[in-house]
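Structure provided below as structure tokens; questions to follow.
Chain lettering (A, B, C and D) follows the sequence in which the chains are written, and residue indices restart at 1 in each chain.
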């Protein structure tokens, strides 16, 4: 019988779902949220559950390859992307994925990255001490083959200078953001979504 | 004396009204919400009641033709559209109707459909396994003659390839969306409204 | 000693303030809310009180000319506009005044009216049975001389065909809307604000 | 051992954080909030605490030069700007700093000020009795050297005619607003943010 999921992990995920829902970042049953557990395990939202209304029954455990501990439960479709972040970056403790109007519209128009500069909020990202820095958020094409998508993500990470920005966009399919814990992941998500919303507003100015 | 409406049906409708109101999708007393009941009955919101503040007294029963079981109560003006969906699609368990800025503005500019493609959220709709599919949301002209409007809707369904998208727009008069139960109907509504909001934001970009 | 204000009137005003605040329609201490009381009296919000946080102490009584029953309390700066509606239209039971981005931006660009047509929500207004009607919302120039502004409003009403739309805009200074009771006034406010937000969104479309 | 912070000051700051968060004006851990205490002390939010979720442990005391009373605690990065307002204007009782889409986008495009005129809400600002006045909100370039930034702010105040507007923008880094107490500071913040949102909406109109 699999080990239970620690209560703190469940509460972090449930509460993250509510916060993301308050911003309308988890429409329909889209979005997913996970935390790293001890012993090479990951707690992640189950597929098809609305992230605004999570409870303990909506959270399940997978291994570092994304395989469910309880084969009767189906994890989020994008579990492989969460586990890819945990395997690649040992300090990552939580990963969040949401859809916003700004991240969807801008990713669809973007080439292979979106450049953000001149925002004080950039200071929140590792390696950026001032607002005069710029970040490039990687944008990758969507792909229903999640292992293939994860390989494309890792190839991008392989080509990026350190420190790597803790997030990326999938074209028309939202943002993935991570951090050492859930609070940091959510703060980084808020910061990136704020700056993307500013970019979209700026693009809509007409005079 | 008519059978009472099952409590679960009332709660589904009341709670759907609150969720739609939180998104400002039921302004004034607009919008309507229904569920299929056993025995050829439908529970639907009464006319003139604000959908943000529903209670058991705001919900009434009609037959599959839209006739009220209690003739002293007036059902939603668009009851005929809800019943038309229940009669045409035996698997439909709930129908929701709301007004959003995006669905109103885009339907007024549209021809006879709005095309959505390249959105991951399209995967939520029957028959669409990938984001590379596209859907055409039918747009019909508004009409105060509800039986005539329903015939126009059914004529469109008659001309559409299966699987038929579980929703349509009435020009300047909001969206109708359905599903096997209220949760599914609301999830589909959220998904369509999200994509329409993205379309509107994209049309507002100026450079 | 003046008669107390009926509890129902206080609750209607307090709750209207909260609903308008949830939509961000009463920024800073702007906006005002009133109800007609028996005996030629009006209950209205006191000047300088934030409408999101009203309580019984924030509501006072004035006569039909706007004079406070308790001279130590200062009524809303625009009390004269509320009383003007009550004197002119005997069926009016409540008046609400709020500021929205849409009503502010559109009124500043408008000539002497804003035309709304093709919206199903127009059906909520007296005399408009179908969506094919149009309404012209009067727009008047702002004026710190409230009696003079009220005379300008009454001159417009004198020139309008019946039924007169239950609302008007003051350029850069929000909307005034009334109805037979608070629920109707708030529903009409929601409907007009929804349609104005649609107009603004439509004007922002770029392709 | 330093004097405790009065409970009223803590509650004012905690509740201001919640109100600003409801408007999405304190994304990630950005923003800061302070009140003047008796005896030359200032209570201010600690660095790195999310302003939506403040409690007594998130509030600390500094002196009028910004030095922490408890050297183990780190005050907000912009403490120097708050203390600068308290030193320069003896009547200031509270200072709030937030980031909004409007204030970020508009400050980045602005020269050294943003002009607001024709808004009724301008009446809320000292020295402006009518809507026909105009205000110029100073815009200063961002600077990680806070003492240098505060000197630039004071140089602007030195060049402005009285009464000085109780606020300024830092390019890409939000707004600073103050008032005699927290309620007044928040009301002025709401008013300025409302007008900036109107300006942004007006710039996005395309026809």
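The definition used in the following text is that a contact is a pair of C-beta atoms (placed from the backbone, for glycine too) under 8 Å apart; a residue touches a chain by one contact, two chains touch by 3 or more.
Bear in mind that the values here come from a model prediction, so they are computed numbers and not experimental data.
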{"item": "Chain labels contacting chain B and also chain D", "value": "A, C"}
{"item": "Shared interface partners, meaning chains that touch chain A and chain C", "value": "B, D"}
{"item": "Self-contact between copies chain A and chain D, residue sets same or different by half", "value": "different"}
{"item": "Whole-Å gap separating chain B and chain C, where each centre is the average of the chain's CA atoms", "value": "31"}
{"item": "Touching two or more other chains - residues of chain B", "value": "204-206"}
{"item": "Touching residues on chain B, where the partner in the complex is chain A", "value": "23, 118-121, 124, 129-131, 183, 187-188, 190-191, 193-194, 197-198, 201-202, 204-207"}
{"item": "Touch list for chain A against partner chain B, complex", "value": "24, 27-30, 50, 99, 101-102, 104-105, 108-109, 142, 144, 170-174, 200, 203-206"}
